[in-house]
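The structure that follows is given in the form of structure tokens.
Naming follows writing order (A, B, C and D), and every chain is counted from residue 1.
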Amino acid sequence: MSKAQIFASPDEAVSVVKDGDTVLVGGFGFAGMPFDLIDALIRQGAGDLTIVSNNAGNGDVGLAALLKAGQVRKVLCSFPRQVDSYVFDDLYRRGEIELEVVPQGNLAERMRAAGAGIGAFYCPTGVGTPLAEGKETRTIDGRDYVLEYPIKGDVALISAHTADTMGNLVYRKTARNFGPVMATAATTTVVQVSSIVDAGQIDPEVVVTPSIYVDRVVQVEPRHYTVQGAR
Amino acid sequence: MSKAQIFASPDEAVSVVKDGDTVLVGGFGFAGMPFDLIDALIRQGAGDLTIVSNNAGNGDVGLAALLKAGQVRKVLCSFPRQVDSYVFDDLYRRGEIELEVVPQGNLAERMRAAGAGIGAFYCPTGVGTPLAEGKETRTIDGRDYVLEYPIKGDVALISAHTADTMGNLVYRKTARNFGPVMATAATTTVVQVSSIVDAGQIDPEVVVTPSIYVDRVVQVEPRHYTVQGAR
Amino acid sequence: MPLNPDQLAARVAQDIEPGSFVNLGIGQPTKVADHLPAEIGVVLHTANGMLGMGPAAVGDEVDPELTNAGKVPVTELPGAAYFHHADSFAMMRGGHLDVCVLGAFQVSASGDLANWDTGAPGSIPAVGGAMDLAIGAKRVYVMMTLFAKNGSPKLVPTCTYPLTGVGCVSRVYTDHAVFEITPDGVRVLESFDTSVEELRARLEVPLVVDVR
Amino acid sequence: MPLNPDQLAARVAQDIEPGSFVNLGIGQPTKVADHLPAEIGVVLHTANGMLGMGPAAVGDEVDPELTNAGKVPVTELPGAAYFHHADSFAMMRGGHLDVCVLGAFQVSASGDLANWDTGAPGSIPAVGGAMDLAIGAKRVYVMMTLFAKNGSPKLVPTCTYPLTGVGCVSRVYTDHAVFEITPDGVRVLESFDTSVEELRARLEVPLVVDVR
């Protein structure tokens, strides 16, 4: 409902997150990670969160800092273990955080399903592996599939390159990653961008996330961390 | 496999169509209809075709002309009946063509599923209606869904605005419609475009159909028909 | 006097909140757009792949590659976006549209909608995006005459025509009155040229009226 | 001498046909790119949303918003395209990639792949896109050492590590030999520093050899 609201600060933008929420956090490693929104969420303090994100944090910043702050009960992700995922690793080994490993394509497709009104879907990924254990399977046209269910978020925190005042978004290079699909899968989508332009300034042909999926926008200073360590 | 082949004429481009093929035909009414490819298919003469398209032809041109040529055994579409669908109407009433009416969103989503490797999906559209009769249903989280299966094409014939020499495509306005999803759902995708540019001339951020989905490209003169009659 | 189609479209428009994302289907409901002032910022979706649709195109504005779901040439407003059909219907089916407005042959007391096929012998069925809109929009508003040409009511205890969707209609805007479909029954929100008693006499559907 | 990783990458690259769409996973297999001459027009896909990926970025080319699936900064070639994660994995899972090259802990004689989790106590499982690539690419090439550090074979009758995919591997490129997984068994396509007899002695997997 209604066009995107534009906020003056990340703190106001993330005020919508509540204790116990499922929060979809964009980014693939650092690319596309909404650092300013996460920092604001740490200041805001909502706890008992379930985080859905590709990774489980790198170094001491962004998602790793949120984990370190003790606000996260559970992580759904495809690739927690990385050379610099020591914050997560430590919490996990101490039994202080739950982990559900989801194949990366299922993570994306299950959020897409949530956004697209699909109740469940038969998926070829993971058949015969431990990640399909206990899940319903079916053979269709001679191929085996696993039944997968949508992942819906209460809030999505994502990063885009430019928003217009309606809330239309464009991204930049591989920082696009999970942003567009998370925007469709959350009740409230909060976006940090490098710039906000007037409606009409983004060519309608190149909009990646249409305004209908965007609820809250805040402009922040671009901030990049060194990419360290493969995987 | 391999980059798009660029053909000098629509006739060469559609040579891949065989008797009995399922052919996905882009366009929503006239917008995005691949007129030149269809005309070439009429000259080529492949028969016993199953056509998947939103409509079943308008006036005497494009898809309607293909139907009139007697090359089509069956049509899957969402909206055959239009003010100017007299070619289809006549064939249908004479029992000379089969019709499967598919809700427009299912048509799109079933082709997307074919392109995305999804075996089947539970969909809320059509529950409790005649179009769900005989189909498997399931209640998930208190909501009823119908199980829908992919629609895969042997060939897709679509129209785009510009291709680069790799086969990347951009479209124009609402002529985009089914083109991008059909391109993913067919074994061979044939595209007519208004212009072909060098690789690198389309900004990678604005590509709508990535080159991997495009097999054959032909440049044609833009040709538009008057839009006549709503619905 | 019952409302004419234009008055009815204006009445529907009154209930659309500023800033809503709205799909107006095809045919009559598209007239609602004429009664949505630009300043309230309603964003129109068209199923064939666009948000931010503007008014019908006239003269030189006509572009065969820019039409609405009824294949009528339209225009584009600032802040528009184009997308392909699967994305467009994901938007519809995923529950992102605030309101859609559809025509109907019949609406039942429990909100079932029949608007795609009369089931008449020889008729050619054509559903388009109606079933997707019916189950997808947060609120489904129907805009129709209350009575068919033969005088039979179109708000009925049970639809006799093939269904488009089950229990999906929120409100029914007709030339004689506006009805809300509620778990407690069909509520008369407003009547134009007739009394509730007259409506009760002509409809087989029990009507609930708020005491104001 | 067994092939070193760079030689092995070059050997895999030889079997990639011109114009193929290829995903090189993460880690070692990404080295294959160094042996694909530009003129053969292989198009690289990276799971995090790009076709047309170029070589690793150096110096000023480094852009934190342009990385591969291993989060290593890369470059963009003419004719590239960006897309979001659901579209990227639809491309992978829909069978559109001609080849993917993956590392492995174990491959079984029937083409089962284990490459995501050793199942060791205390290990933190992490699958990434491996299961999607395993079932999605038309041909799955594995690139690995034939023996683990403790000398045990990694081409095995049955995987003991948790599976990534069932019956999905087409070929296994190792430092000692190249194997094709076929319905008739594991075929030795080529050996580098060893005889088939030696391979038979060290592996528990029956090997098929073509008479040439």
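Throughout what follows, a residue touches a chain if its C-beta (ideal position, glycine included) is under 8 Å from a C-beta of that chain, and two chains touch if they have at least 3 such contacts.
By chain, UniProt protein names: A, B = 3-oxoacid CoA-transferase subunit A.
The model shown is predicted, which means the values in this text are computed figures rather than measured ones.
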| item | value |
| --- | --- |
| Which of B-C and B-D has more C-beta pairs touching across its chains | B-C |
| Distance between the centres, which are taken as Cα means, of subunit D and subunit C, whole angstrom | 54 |
| Mean-CA-position distance for subunit C and subunit B (Å) | 28 |
| Centroid distance [mean C-alpha coordinates] between subunit C and subunit A, Å | 35 |
| Shared interface positions of subunit A, touching two or more other chains | 109, 112, 116-118, 123-124, 171-173, 205 |
| Multi-partner residues of subunit D (at least 2 other chains) | 50, 76, 82-83, 89-90, 93, 135-136 |
| Pairs of chains, among all present, that meet the touch criterion | A-B, A-C, A-D, B-C, B-D |
| Residue numbers on subunit C that touch subunit A, as the complex places them | 17-21, 41, 43, 45, 50-52, 76, 78-83, 89-91, 93-98, 135-136, 138 |
| Footprint of subunit D on subunit B - complex, ascending | 1-3, 112, 114-118, 164-166, 168, 184, 198-200, 202, 204-205, 207, 210-213 |
| Subunit B - residues contacting subunit A, complex | 109, 113, 116-124, 138, 140-141, 143, 145, 149, 170-173, 203, 205-206 |
| Touch list for subunit A against partner subunit D, complex | 28-32, 54, 78-82, 88-89, 92-93, 99, 101-109, 111-112, 123-131, 144, 171-181, 208, 224-227, 229-231 |
| Touching residues on subunit C, where the partner in the complex is subunit B | 26-27, 46-50, 62-67, 70-73, 76, 82-86, 88-90, 92-93, 112, 117, 122-132, 135-136, 162-166 |
